[in-house]
Structure formats: structure tokens, C-alpha cells
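What follows is a set of structures for review.
In the two complexes below, chain A is the common chain; its partner is chain B in one and chain C in the other.
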Partner chain A sequence: MNTLIAISILGVLTLIAEIFNGRKLIVPVAVVGLLGILGYTISPYNAYDFFFNNMMVVDKFSVAFSSLFIVITILLILLSHEFYKDVPSTISDFVAIKIFLLAGAVAMVSFGNLAMFFLGIEILSIALYVLAASKRLDLRSNEAGMKYFLMGCFASGIILFGITLVYGSTGTFDTIAIYQISHSTTFPLWFYIGLVMLLIGMLFKIAAVPFHFWAPDVYEGAPGLTTATMSTFAKIVAMAALFKLITILLPSKLYELDLTIVVVAALSMLVGNIMALRQNNVKRMFAFSGISHAGFMLSTLLISNNSANVLFYYATAYAVAGLAFFAVVLYVTKNKKHETIDAFNGLGKTHPLLALVMTASLLSMAGIPILSGFFAKFFLLNELVQANWLVLVIIAIIASIISVGYYFKIILAMYTKSSEEELPSVPMIYAVVAVLGLIINIGIGLAPSFIYDLLG
Partner chain B sequence: MENILQAIGIENYIFLSVMLFCIGAFGVLYRRNAIIMFMSIEIMLNAVNLLLVAFSTLHQDAEGQVFVFFSMAVAAAEVAVGLAILVSIFRNTGSIDIDNLKNLKG
Partner chain C sequence: MNVSIILIILLFGALATYFAGDKLAKTVALVISLASFVASVAILNQHNAGISSDFIYKWISNPNIYLASKVDGLAIAMMLLTTALTTIIVWSSFANQFKNAKGFYALVLFMSFAMVGTFVSADAFLYYIFWELALIPIYFIALVWGNGDVEERKRAIVKFFIYTLAGSLFMLTAFIYLFSKAGSLLIDELYLLRLTEQEQFWIFGAFFLAYAIKIPIFPFHTWQANTYQLSPSVGTMLLSGIMLKMGLYSVIRWQLPLAPLAAKTYMNIFLVLSIIGVVYGSIVALKQHNLKKLLAYSSLAHVGLIAAGAYTLSLDGLRGAVLQMIAHGFVVVGLFFAAEIIERRLNTQEIAQMGGIRILDTKFASMFMIVMVASVGLPGTFNFIGEFSLLYSLYNVDIWYAVIGGTTIILGAVYMLKMFQNVMLGEANAKPFAAITLQESLVFVIIIAVLLFFGLYPKPINDLITPALQEIVAKINRV
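Coming up: the complex of A and B.
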């Protein structure tokens, strides 16, 4: 609870810093503040507390995911200092919006009441609409913002309708009360209709097939750092919230729901990876790659034991690899209008370090050993086999093999082709974030139990 | 009869809300004018508000009505952001037709 309050205060402080001419201090203060909040969040690790009439519940799940979100936000804010160098007057807005985004994310994983869940998802979405359209003189950014806004509002309406039907059938918004009611009595059919509408709305937010069509356009048009935020941060937040929602609203396994999730997950993996093969724009390619990873993360809902651990490990591995990937992409495509794969030509010779980071994060997302992405997929598929979903395991393996094809397109461009143009020197902070991402990636790959056993 | 809800029946409230929600949803899907799409989204959200109040009366529980305030505040914030995006589109293209936004595809 205090995490949420501290994050909101920090966000307001960064806005106030603008008034007192503290523009240079904003990024360091925000990072230090977030590090302090991170320590504060982790310290009561085994706590199980309720706040404000059970509006917020702090447990292992929420503490672990909140800490992950804070770490990702720190890396994103580090990147934003360099990314918004051309528009220094607005740096406080961007940093503040990212911090408010984090507040919404924390609310989404520690809600104890559906009202809190709704507020969290709206804080996250509205902040992202602003970020997507933030390059206001660029028509592509406008278009991305508009498309994201319309789709997001539509999904929010469906989620709201779902919450209302759940309320109508149970008579309460409180998740613990709903849990007890859904265990004991029979209730009107509205409950399941509401559950399905909630599921549809959340699938919109995490961009799983067949609700994925907005993602490639929005990711391509939005400014680079916003794409990084949406594809790494927002996706795992929505996935964690959906996971928590399903475990609360649906205590017993429902075969029909499992079947729906299998179909959605399998389609996401296949469609995402096959469509990514024919993309030439890096951001668009990453959007389709993200759709396939959404499919992988969705299939954690099928697992009966250890599912929270598998989801947490997969989310960490995916987010870290994605951040390292985007740190390099932001540098390479800095002054270019379109982010095509040609931009990476010859990077292996001119910038061996960045090329190494890029290769590592791509291989991690494809699932090559010693990198964390391999263990994420290994744990997931292992548990899926034990849950008797062999069909999904086979589809997942086929999808991973397909994915190697387009990840190697970038790697080949970096190491076998030569570049015509000179790239400017590497900004220090991009290299730092990229290397940090690589170190975390290899670190949790070598010692997976550190992350994997967190949720017990 | 003391309660008007019992006289009308909760089913009729649900039918009305679902109908309004569908009108809003089809408005978003079929209309091409951005302002009308925003209005349709508002109709969707207001349909839900109506249903929340009806359920709140059904359960004799104030929580639902409090939730309506949350959802109204959120809807207002959402539309404010949407209109701001629309203004920047209008400055760039000189129109609010959604069909102008066709730069991103592939």
C-alpha cells in the first residue's frame, strides 16, 4: 500500500521539479527515489496485509511483481534522459507519466477489490494513450495514439461490463467475498458472462490473437521509447493482472475456460511468429514477436502447480531481453524515419558490444540455452507436459523454431552485411542499460532458482 | 409494491443496458467520424453505469453506486485525452475523419 502512495508522491514531485527549474535533477532523483521504493517494497517480503477495507492486498505475488515493475521502470527512465534530449522542456512530463504508469501497474497486481483493479487498468491505459501520441507533430504517432485510444476504450468498456455482471451475480466487488461465494453457492448465469467479458477485455490489453490487430500499427507508429514501454512493461502488467483475476474469480479449474485459453494461446504463438517472418520494420516485428510471447505467457493459466513462478520467470526473462533489445534499437534508429532491418547492417563491426547485446537478447527470446529465455520456455513447457496439454507443447516448439528465422534476420544483417553510413557515437546511458539487461539476462539464466523460487 | 425494481424486473434493466452497450459498440465499429466514435464509447460506458445502479438497488448495497462515480471520473479523463489526440490530428491533417489515418500498415 505504502508503495503505491510513495510512487504517486514521487510522480507529483517530478512534476513540481519543473517549476523550480530542477530539470537536470529529474532523472537522477526519480531513479534514486524508485530505488528507495524498491528496497521498501521488498523489505516486508513475507507480509500478508490488507489495507483500506481490503481495497489493497499485499502478498508475495504483488510484492514480487511490483518489484519487477519498479526495476523495469528504472531502466525505462534511464533511457528517457537520452531519448528526450531534443525536447528538454518536456522531460518532467515524460518521467512523471512513466511513474504514474508504475502506480497503475502496482494497483493492478495488488488489488483486493475490483474497483481498485479497474482504476489501476485505467491509470495504466490513459498514461499509455498519452505516451503513444506524444510526438504530436508526427502524423504516424498521432495515428498510433488514436488507434490505441479507440481500441483501449473499447476494451475498457468491455472490462467494465464484465465487472458489473460479476457484481450483479455476487453482490460485492470484494475479491475475497467473491472467492467465497463462487466456491459455495450457485449464482446466476451472469457470473460466467461477466468472466468471459473480463477475459476478452484483458486479451485486448495483452494483444493476444484474435484481439491483436491494433498492436503492430500502434507499436510501429508510437515513439521508440513508448514502444519499449508498451511491449515490455504494459504487456507483463496486463498478464499478471489477468493471472490474478482468473485465480481469484475462478477457484476451480473449468474445462471450457482451459480450452479457450489453449486455442487463444496456440493461435497467438503461430500467428505472431508467422506474421513476424515477413516484416521489415523492427518495431513491427517486435510487436508480432510480443504477440507470440503473450501466447506463451497465457498458457501459464493452464498449469495447476507452480504457475505463478513460471509466469514470473517468463515475464522477467521477456522484459529484460526486450529492454536490452530496445536500448540498441533506440540508438540505431535514432535519426531515421523508418526502423527497417537495413539500419542494423554492419553493426557487428562498428559497435561489437551493442551487436553482442542485441544478439544475446534475440537469442534469449528465441530460447537458446544459458540465456534466461531458454529456461523460461523450459519451465513452462515442462509444467505444460505435466498438465497433459501435449498439443500446446508441440505447437509451442514449432512456433519457437519459426521464431528463430526472423530473429536471425537481424543477427545476419549485423554480422554479414556492411554498412554505408556512419552512426553517431554511442550515448553512454544506452550502452549502460543494454549491458545491464545482458547481465541480468545471463545472471538469471545461470541461477534460475533465484527468480523461480521467489513465489514459493 | 414498494420497490419499483420489483415491478419492472431486473431482466428488463439488463436488456436495456445490453441494448445500449451494443448500440455503442456498433457505433464505434461502423461510424467514421471521430467525434461520433467518442460519443459511442460514452454510450457504452453509460450503459454500464445504468446497469451498476440497477444492480446496486437489487442488492440494496451502496457499493455499486460508488463505483459509478469512479467510472464516470475515469470516462471523463479518458475522453479528455482522446479529444487532445484528436486536436493534434486535426492540426496535422485538417480533418477528423478516421479514414485519413492509413499510414501504418503491412
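Coming up: the complex of A and C.
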């Protein structure tokens, strides 16, 4: 609870800093502040507390995910420092928005009440609409913002409708009360309709097939750092919230729901990876790759044991690889209008370190061992086999094989082609974030239990 | 001392090579690989003295995964093969000038690390990780330092990578399934499983995809010739000399003992596929104009026979397979080294542009000739012993398998002699051919010495591998 308050205060502070001419201090203060909040969040690790009439519930799940979100936000804010260098007057806005984004994310994983959940999702979404459209004079950014806004509003409306139906059938917004009711009585039909509405709305947010159409366009048009935020941060936040929602609301395993999730997950994996093969724009490619990863993360809902652990590990691995990926992409495509794969030509010769980071991130996302992405897939597939979803395992394997095809396009460009143009020197902060991503990636690959056993 | 010392030497050796810089890289790499070979010999001594070199540590508690090794005679033989060949391969490349040599040699050592890991792992998860890790360095070696047209090379190597990865992922699925049954992936616990015939069929099939692509067995061989041709010689030697043995070794260590019922029921299918590979590889090799491609297809024919021997499920077959794996490893490295020597001087792989080399360099011609006759299995060479046991084991299953499989020797003699005639004999070429250097001939001498020594006295290797293979045959026959 105090985490949320502290984050909000930090956000307000960064806005005020602008007034007092402390522009240079904003990034360091925000990072140090977030580190403090991180320590504060982790310290009562085994806490199980309720706040404000159960509006907020702090448990292992929320603590673990909140910590992950804080770490990702720190990395994103570090990247902002360099990314917005050309427009220094905006840095406080962007940092503040990212911190508020975090506030929304924390609310989304520690809600104890559907109203709180909806508040969280709106804080997150509105911050993202603003970020997507933040390049005011760029037509593509405007288009992306508008598209995202319309689609997002639509999804939010559906979610809200779902919440009201759930309220109508149970008479409460309180998730604990709903959980208790669900174990004593049977629900009327519209409870399930409400559940489906919630599911549809959240599938929009995580960009799973068939609700994925906005993702490639928005990712392509939005400024690079916003794409990074949306594809790594927002996706895993929405996924964690969906996970919590389903596990809390549903009295027991529902075969129909499982079947729906299998279909959606399988389609996401296949469509995402097959479409990504055809892309020449790195951001669009990552959008489709993200769709397939959404499919993978979604299948954690089918698992009965360790499901939260698997999701947490997968989300961590995905986010770390994604951030390292974007740290390199932001640098390489800095002064380019379009983020085509050609931009990576010859990076293996000119910047071996960045090329190494990029290769490791891509291999991790493709699921090649010792990198964390492999373990994420292994844990997931292992539990899926235990839960008797062998069909989905086979589809996931086929999807992974396809994914190698496009991840390797970038690797091939880096190591076999040569570049014509000179790239500017690497900004320190990009290199730091990239290397940090690599270290975390290999680290949690060598010692997977550290992350995997966090949720007990 | 346990076997992890070799892994540590190779892994940190790879790092040391990278940081040694371009000039020193090859020397450092040679020293490291030699050190790993010496350590392997030390492990062998320890094994002969009856001391176990195994290690086992808990790695991940949930799911239950160990860092564990199983160092029996078979694993030691493969480990010795890997470290010895790595040393020879590194040394054979001393005359080459590689761009970014530090990266190149670091990758070679890293690959050796992964391959040794594959051979000694006793936990399926660890084994799988090493198995996949071996793929990354060879991918970059072939891609960055390969020869031929860049676009063509990219296609061939990406195909190779995706093929092998696809096979491996199905193997991973099989392991996950086994884990759900056994609750652990330690090989000894997997051996205890009692699976139904249907389960075994699927598991055998998943393994077969992975191994048939890696070995390669017909019809999964299509990646091979192009990848061999377009890789640098070091990469080709690593691939053909050691890496494809990973597939054959895995058949013996993992596939057959874990799914023996399926192996017995469908034995004929796998024998036929393997033997088709033998005949097909030999016939295609007859028609090749490119020296490295010819050698690639001849390799396809030889490993087909090895796989057939392993699938007979008899002690003779397995022993022949292991002996021939070792013999083939040395011979194929020798052959590709000869191709590399010619390419260094004439700058071509086309057989038509060679010829008459014997007149210019008799020493090289005679050494090439010895390696070549060894590869066709002339009595007195190591390969003869391997091929003889393989054919004998096939004969025990059905005489026709032995007859058709035996064509590998006849056809092998035809295309090899034809190749030798076109490359080495005939009119002297207009191009100059510098005599081979002392260092190059020493590499040959070592390879020839190994082939002749074990050809005349195979007992040490036989004694080393037989107990381990007997144990595996007992596992296969447990149902």
C-alpha cells in the first residue's frame, strides 16, 4: 500500500522539480527514489495485508510483481535520460508519466476490489495514450496515439461492462467476497458473460489474437521508447492482472474457459510468429513477436501447479530480453526515419558488444539455452505437459521453431552484412542498460530458482 | 578429480583465448585444448584405476534438476575423441589467417566445451542444454568465417540451424514427458521407467527426429552437403569429426535404452533408412565435382552404416558403432584437412581444377593416400575394424542388410579412388603447388599414427568401451 503512495509522491516530486529548475536532478532522483521504494516493497516479503476496506491486498504475488515492475521502470527511466536529450524541456513530463504508469501497474497487481483494478488499468492506459502520441509533430506518432486511444477505450468499456455484470451477479466488487460467494453458491449465467467480457478486454490489452490488430501499427508509429514501454512493461502488467483476475474470480477450473484459452494462446503463438516472418521493420517485428509471447504467457492460466511462478519467470525473462533489445534498437535507429532491419547491418563489426547483447536477447526470446528465455519456455512446457495439454506444447514448439527464422534475420544482418554509414558513438546509458539486461538474462538463466521460487 | 575440470578448462580457456587478442589466440587455444586432452587422459587413468570421476550437484530444486555426470568407458572414449580432435583441428588451422581470430578460436573451444558436456551429462536437462549450446558456436563459425557466396551461405546455415533446432525441440518435449513420469531427469532414474509401447513409440520418434537430423540419416540429410561445403575447414572438421558423433552417441546412450520396445518393434524401419543413407550417399558422392561436397556425401554413407549398427541393438553392433565413430572422426578430419591443404594452395574446391599434385608433392600424395585407403576400410586400418564389426552385426540380423550395407566399401573405393586419381594423379597442373610444410605433415602423421595403431591393436579402446556397452545392452534387454 505504502508502495503505491510513495510512487505517487515521487511522481509529483518529479513534476515539481521542473518548476524549481532541477531538470538535471530528475533522472537521478527518480532512479534513487525508485530504488528506495524497491527496497521498501521487498522488505516485508511474506506480508499478507489488507488496506482501505480490502481495496488493496498485499501478498507475495503483488510484492513480487511490483518489484519486477519497479526494476523495469528504473531501466526505462535510465533510457529516457538519453532518449529525450534533444528535447530537455520535456524530461520531467516523461519521467513523471512513467512513474504514474508504475503506480497504475502496482494497483493492477495488488487490487482487492474490482474498482481498484479498473482504476489501475485506466491510470496505466491513459499514461500510455499520452506516451504513444508524444511526438507531437510526427504524423505517425499521432496516428499511433489515436489508434491506441480508440482501441484502448473500447477495451476499457468492455472491461467495465464485465465488471458490472460480475457485480450484478454477486452484489459486490470485493474480490475476497466474490471468492467466498463463488464457493458456496452457483452463479447465474451473466457472471460468466461478465467474465468473458473481462477476458476480452484484457486480451486487447495484452494484444492476443484475435484482439491484436492494433499492436503492430501502434508499436511502429509510437516513439521508440514508448514502444519499449508498451511491449515489455504494459504487456506483462496486463498479463499479471489478467492472471490475478481469473484465479480470483473463478471458483474452479472451467473446461470451457480452458479451451478458449488454449485456442487463443495457440493462435497467438502461430499468427504472431508467422506474421513476424514477413516484417522488415524491427518494431513491427517485435510487435508480432510480442503477440506470440502473449500466447505463451496466456497458457500459464491452464496450469494448476506453480502457475504464478511460471508466469513470473516468463515475464521477467521476456522483459529483460525486451529491454536489452530496445536499448540497442534505440541507439541504432536513432536518426533514422524507419526502423528497418538494414539499420543493423555490420553491427557485429562496428559494435561487437551491442551486437552480442542483441544476439543474446534474440536467442533468449527464441528459447536457446543457458539464456533465461529457454528456462521460461521449459518451465511453461513442463507444467503444460503435467496439465495434459500436449497439443498446446506441440504448437508452442512449432511456433518456437518458426520464431528462429525472424530472430535470425537481425543476427544475420549484424554479422554478414557491412554498413555504409558511420554510427555515432554509443551513449553510455544505452550500453549500461544493454549490458545490465545481458547480465540479468544470463544470471537468472544460471540460477533460475532465484526467480522461480519467489512465489513459493 | 572429477570430470568437471575438463569443462572448466575449456570454458575458461575460451574466455582466455578471447582476451589473449588476435595474435596470441591460436597459441592459447592450442595450449588449452592440449590441456583438456591431458586432463581427459588423467580421467582415463583414474577410470582404469577404478576411481569414479562423477559429480552430482543439485541445480534447480523445483523442478528437480541436477548437474550430474556419468563417466563410464563410453563417455571417456567420446571425451578423448573430442579433446584430441579439437587439439588436432586447432593445430591444423595454424597456417590460416582468420579475421578476428580471437573470436574464432574462442568459439572453437566453446564448442568443444559444449560437446564434452553433452558426452558426460547424466541429467537429461543438462544434456539438452549442452546439446543446444554446441549449435551456437558452429553457427557463427560457419556464418562469419565461411567461404563461398554470402547469400548462399546464409541460406544453407540458417537451414542447418533451424533443422537441428527443430529436431532438438521435439527431443525436449520427450524429456518433459519423461520428467512428468519419473519426477526427475537423472539418467539412472529414467532407465527405471516402465513405459507402455505406445509411449515408447512417441518418445523414440521424438528422439529420432533430433538424432536423425544431427547424424544425419536419410531423408533428414539435406542440410549437410551445403553446410560442409560452405563452412571454413575448421568448422567442417568440427561438424563431421565430432558434432555428428553427438547424435550417434545419443542414440546409444539415450534413445535405445529409454525406448527399447519401440527400438525392437520398428528395428527394420530404422535399419532400412540407415542403409538407404549408405547407398544414397555413396551414389551421390560418385557424381560430385566439388571435393568438400564429395567428402560430405562419403561421410553421409559412413555414418549411415554406423547408425545401422547401433540400431541392430546387439553388443557387436554397438561396439562396431563406437569403434567406427572414433575411426571416422580421425579419418574425416584427415580428409577435410587434405582438402584444406589443396584449397590453401590452389584456391579451389573443384576437382576439375586440380590434378597432377603427386608429381609436385609426393609426400603429401602418399599421406593423403593412406588416409584415403583408411576411409574405405582397408584391412590394417582402424576403419576396417569398425566396418567389419558393423557389417557382422548387420549380417546377424539379415544377410541382405550386410550385403547392401557392404556396398559402402565397394562404392567407397570407387569414388575415393576416382577422386584420388583426378585430384592427385595425371598431368601436372599449370598452377604451382608448394610442398606441404612440416607442421601440416605432422598433423597428418598424428592422424595416420592413430589410425594404424588402433587398426593393428584395437584392444585398449575395446576394453574401455565394452563394459559400458554391456550395461547399455542389458538396459535395452530389460523388458
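The rule is simple: the second predicted complex is superposed on the first by the 456 of 456 C-alpha atoms of A that agree within 3 Å, B and C clash if a C-alpha of one lies under 4 Å from a C-alpha of the other, contacts with A are read in each partner's own complex, and residues count from 1 in each chain.
By our rule, contacts are C-beta pairs under 8 Å (C-beta built on N, C-alpha and C of every residue); 3 or more make two chains touch, one makes a residue touch a chain.
A quick note: this is a predicted structure, and the numbers were derived from the prediction, not measured.
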>> Once both complexes are superposed via chain A, do chain B and chain C end up clashing or fitting?
In response: fit
>> Tell me which partner touches more residues of chain A in the superposed arrangement, chain B or chain C.
In response: B
>> After the superposition on A, what does A:306 contact: first (chain B), second (chain C), both or neither?
In response: second
> Given the touch rule stated above, what does A:452 touch, chain B (first), chain C (second), both, or neither?
Replying inline: second
>> Just to be sure I read the superposition right, which of the two partners does A:408 touch: chain B = first, chain C = second, or both, or neither?
In response: second
> Which holds for A:370: it touches chain B only (first), chain C only (second), both, or neither?
Replying inline: second
> Just chain B (first), just chain C (second), both, or neither: which does A:382 touch?
Replying inline: second
>> Tell me the contact category for A:192 with respect to chain B and chain C: first, second, both or neither.
In response: neither
> Which holds for A:416: it touches chain B only (first), chain C only (second), both, or neither?
Replying inline: second
> Which of the two partners, first being chain B and second being chain C, lies in contact with A:394: first, second, both, or neither?
Replying inline: second
>> Just to confirm the geometry: in the superposition, how small does the C-alpha gap between chain B and chain C get, in angstrom?
In response: 24
>> Taking the touch rule as given, give the residues of chain B at its contact with chain A in the complex, in rising order.
In response: 10, 14, 21, 24-25, 28, 34, 37, 41, 44-45, 47-48, 51-52, 55, 58-59, 61, 63-64, 66-67, 70-71, 74, 77-78, 81-82, 84-86, 88-89, 91-93, 98, 101, 103-106
>> Help me check something: in the complex, which residues belonging to chain A touch chain C?
In response: 306, 309, 348, 363, 368-370, 374, 378-379, 381-382, 385-386, 390, 393-394, 397, 400-401, 404-405, 408, 412, 415-416, 448-449, 452-453
>> Please output the residues of chain C touching chain A within their complex, sorted ascending.
In response: 60-63, 125, 128-129, 132-133, 135-136, 140, 143-144, 150, 153-154, 158, 161-162, 165-166, 169-170, 172-173, 176-177, 179-180
>> Taking the touch rule as given, give the residues of chain A at its contact with chain B in the complex, in rising order.
In response: 115, 118-119, 122, 125-126, 129-130, 133, 136-137, 139-140, 142-147, 149-150, 153-154, 156-157, 160-161, 163-165, 167-168, 171-173, 190, 216-217, 220-221, 279-281, 284
